[in-house]
Amino acid sequence: MAEFLSLSAGIEAVLSDGCSVAMEGFTHLIPHAAGHEAIRQGRRRLTLIRMTPDLVYDQMIGMGLAEKLVFSWGGNPGVGSLHRFRDAVENGWPHPLEIEEHSHAAMANAYEAGAANLPFAVFRGYKGVDLPKVNKRIASVTCPYTGEVLATVPALRPDAAIIHALKADREGNVLLEGIVGVQKEAVLAARRSLVTVEEIVDDFGPRNANAVILPSWTVTAIAHVPGGAYPSYAQGYYKRANDFYIAWDAISRDRDSFRAWIKANVLEKGPDAFAQYAQTRREAA
Amino acid sequence: MAEFLSLSAGIEAVLSDGCSVAMEGFTHLIPHAAGHEAIRQGRRRLTLIRMTPDLVYDQMIGMGLAEKLVFSWGGNPGVGSLHRFRDAVENGWPHPLEIEEHSHAAMANAYEAGAANLPFAVFRGYKGVDLPKVNKRIASVTCPYTGEVLATVPALRPDAAIIHALKADREGNVLLEGIVGVQKEAVLAARRSLVTVEEIVDDFGPRNANAVILPSWTVTAIAHVPGGAYPSYAQGYYKRANDFYIAWDAISRDRDSFRAWIKANVLEKGPDAFAQYAQTRREAA
Amino acid sequence: MSIMATPSEMMTIAAARLLTDEDVCFVGIGAPSAACNLARLTHAPKITLIYESGTLSTRPSVLPLSIGDGELCDTALTTVSVPEMFRYWLQGGRITIGFLGGAQIDRFANLNTTVVGPYDAPKVRLPGGGGAPEIAIHCREIFITMAMGSRAFVETLPFITSFGHGTGKGDRAALGLTSRGPTKVITDLCVLEPDPETAELTVVSLHPGVTRDQVQAGCGWRLRFATELAETPAATATELSVLRDLHLRTRQAHGVAA
Amino acid sequence: MSIMATPSEMMTIAAARLLTDEDVCFVGIGAPSAACNLARLTHAPKITLIYESGTLSTRPSVLPLSIGDGELCDTALTTVSVPEMFRYWLQGGRITIGFLGGAQIDRFANLNTTVVGPYDAPKVRLPGGGGAPEIAIHCREIFITMAMGSRAFVETLPFITSFGHGTGKGDRAALGLTSRGPTKVITDLCVLEPDPETAELTVVSLHPGVTRDQVQAGCGWRLRFATELAETPAATATELSVLRDLHLRTRQAHGVAA
């Protein structure tokens, strides 16, 4: 059964130096507050896994938490580059970053295979492209019936998954709605998981019979962090703070302005900051 | 885009002699009315595919429509045997029935692979059991990363899928709720599809963002057949007519009583009969 | 002046007692469904019940007619598709206890629900395996509930539908299986467990009033009995009344005996 | 006295015209999103738009900031998970038109969005392929939208992120692909199509007022021009006003230029 913890206790429970972690969110419900807490706790040598690493991974990479990145698209969505990610890959700052690069289809299938307790995923992909030349994890199997050769990737089985969801009930069941991405698969594929939520409710109440729910016994810990996805969005709660995504381009371009921003907005702040961000966005919405 | 047809025109559009058809429903939303229409149209040499063939397949087999059955559990759920199925397999009556037998896991994965346009499915299964000795379609692949040998089945790609759903809207989108089984996969895996529905509505109205919906452009034809799942059930519309499931045991045990029942209740009736069945159940519920 | 349980009730009650709040059970229709819900309504209110039709954490107030019963969906936390059920939930390794039964069982708890006689020319064609072949390997352990009888407990199975302990200890490991397989066989007369040394089913507990001879008469092979053979504690008044109420509610809801 | 479209608007409008009510489009953010929604708001009201974030048949009233924009979900018929999107919908072969763009393109419409310079010691690390490698092979055909420029239209790609026509006609078939691959490249200056004989991109239509020299100046290889070179019809007043209204609504909704 999921345990209800504070954000800091939750991060301590699931993250340790050297572990692999998937902080998922397909441009929705991105666990920013959890990423900031990981930065405050000074985790090191992490393998960061995510299909669409964006601002929060840029911040973690820039602060030197990551040894390796497993990903399929690393950018500031709708804006441009991730400058901290680029600085790490192009210049090895603050230290070199190993990358394991896939396509979205490969990553999505790899999470799916992890959730299904399979050692690998099979899909039709990677035809005629260069990624298999630089990623030795991409292999193939032959269909025993047709002889067709299909691409494979190893299943993703992260040590930890961290996601942000809309609601948890008192039993620790977790509700997601809207663009649900690969969060369910990431949690089911991981050894342990932390879910930050906008709200804890007595009961989900009447709901669709097929609602996307993670039962309590599939989740390690839940932390109540309203606004925890800010500046990304939470369906029905608040919109994306697009001005911040744009501002991040300038903040992150320079190493000093990046560090100053992190100091003022992460290291010197706590999880409560996010409640206020969300409130602002809700009013603006 | 899905075409709105009468039940008889819909069955004509998707079923022809010698084709393979998956009439799915995992003990919910079983397309009984469609099966009766197939019997009235006198289809022959069909390959019937279904995880849980029950009464309607028993009826179709008993009337000689089927040349082959692909299945994983063939019984009268909660009651006992399917006597027409047994008579076909044990005694070749009304003619011999070829069987291709799988486990539920294999069939579910095979539909999933079909929907995903893969030639085969990989799963962990069939360890230590006799089914692979009698079903040559069960094979294996070796994981390119771990060396583990995993079971495979060919993807299911039926010529036709026929399901019963709750609602269609005027654009031909189809809504399922509750125990959704493998119906979505069956439709997506099939070359053509017919969906019978309880209701046609102007608009589904407010609904869960992640509702189980088959878009209009994935469906060949829709027929409005209220009660079309009777005597199985339709979530929110009517319950299972359990008395009929029990009665079927006696009706189907004997070849003559079976044929008499089919004559009176299928051959001499039309699709409209089902509206009345459903009405009765709704009042009883 | 205790009320006596029928053999069938005793089987259900003995199975229910084995379950805890921490269990996640993959439930079949019939005795397993009754046992799991009896446990939920008595000592294990937080037990998690999953039916292969896709219903997660379901809490039916009456027993389902079939795994597709609307009651299961209406009282579930949520309902997933059947492919997801078999991939993420069963194969995903999330089930602690899987319930199985069958037409026939052998001394190593292998089960047959496929066919009596040759596969290609069957004497009796049974329904087939359904979920059983993979339930048997993916759940942490397996409880089997079956009424005894010499045509059900047989020396040699004509067909192995789901794997128990094969031909004895070590066979599961040799197939690469890490799950425990059948750890209990709960019958209407007794409880059997695989012997720790040989994996052969051994009677460990006789239900109240049942003799060794009666048990042997219901089994087609020469049965082994544990050195310290226990007596299954009699059904308590609470167990019986909750079980009978459950069956009564079920009959009233469905209009049939369940 | 017609209103003139900007080159960027002309690119969007030329792309929109290629779409029909029967198309099921896999839409990317930026020009493809504008083109698809312009088509939907003008001549192709029944066009089906799918974004890789999982939204099926979406009808946004303003353009999304990212593929995860709430507007896409709120106006979608339904939203599926990302694994399902890539398995059932993209790989499932249900998309007629996939839109792609990139940092660089070569004469056979292969694209690079991964890296400039060596992969292990990049000069510029680009975002990577995302959905592109599989979009390029699973959609029935591919439309590429890109602004011209000699650093974008290059003689040799440092990295092939998504496959176009390889090194020429027949390469797709040799890989076992049955989809058509890139059939149109819509730029801010012209429209190119693969030559039926060689699969080399050939200018088939110049946007109004654009010369051959201008187009060649924006391309790093020696361009081929179709024998019967057409002029792209000028943007109509309706096209321009609908597109500009869409951009205006988008700016008002997001508070930014879209």
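First chain written, first letter: the chains are A, B, C and D, and each begins at residue 1.
The rule we apply is simple: a contact is a pair of C-beta atoms (placed from the backbone, for glycine too) under 8 Å apart; a residue touches a chain by one contact, two chains touch by 3 or more.
None of the values given here were measured: they were computed from a predicted structure.
Visitor: Take the average of all CA coordinates in subunit A, do the same for subunit C, and state the distance between these two points in whole angstrom.
Guide: 41
Visitor: Indicate the whole-number Å distance between the mean C-alpha point of subunit A and the mean C-alpha point of subunit D.
Guide: Distance between chain centres: 28 Å.
Visitor: Could you list which residues of subunit D touch at least two other chains?
Guide: 73, 79, 87, 91, 138
Visitor: Using the touch definition from the top, which residues of subunit B touch two or more other chains?
Guide: Only 112, 116-118, 123-124, 148, 178, 180, 185, 207, 209-212, 235 qualify.
Visitor: Select the category (line, ring, star, complete, other) that matches the graph of chains linked by touching.
Guide: Other.
Visitor: What is the complete set of touching chain pairs?
Guide: Applying the touch rule to all chain pairs gives A-B, A-C, A-D, B-C, B-D.
Visitor: Flag every residue of subunit A that touches subunit B in the complex, lowest number first.
Guide: 116-120, 122-124, 137, 139-146, 148, 150, 152, 154, 177-178, 180, 207-212, 235
Visitor: Quick check: in the complex, which residue numbers of subunit B touch subunit D?
Guide: 112, 115-118, 173, 185, 188, 207, 209-213, 215, 217-218
Visitor: Considering only the defined contacts, which subunit A positions touch subunit D in the complex?
Guide: Residues in contact with subunit D: 25-28, 51-52, 71-75, 77-78, 81-82, 85-86, 89-90, 101, 103-105, 108-109, 111-112, 123-131, 134, 148, 178-182, 184-185, 212, 232-233, 235, 239-240, 242-243, 245-246.
Visitor: Which part of subunit D faces subunit A closely enough to touch in the complex?
Guide: Residues in contact with subunit A: 29, 52-55, 65-70, 72-73, 79, 81-83, 85-87, 90-91, 110, 114, 119-120, 122-125, 127-134, 137-138, 159-163, 166, 171-172, 175-177, 254-256.
Visitor: Quick check on the complex: what are the subunit C residues that touch subunit A?
Guide: Residue list for subunit C touching subunit A: 24, 46, 48, 56-57, 73-74, 76-80, 87-88, 91-94, 138.
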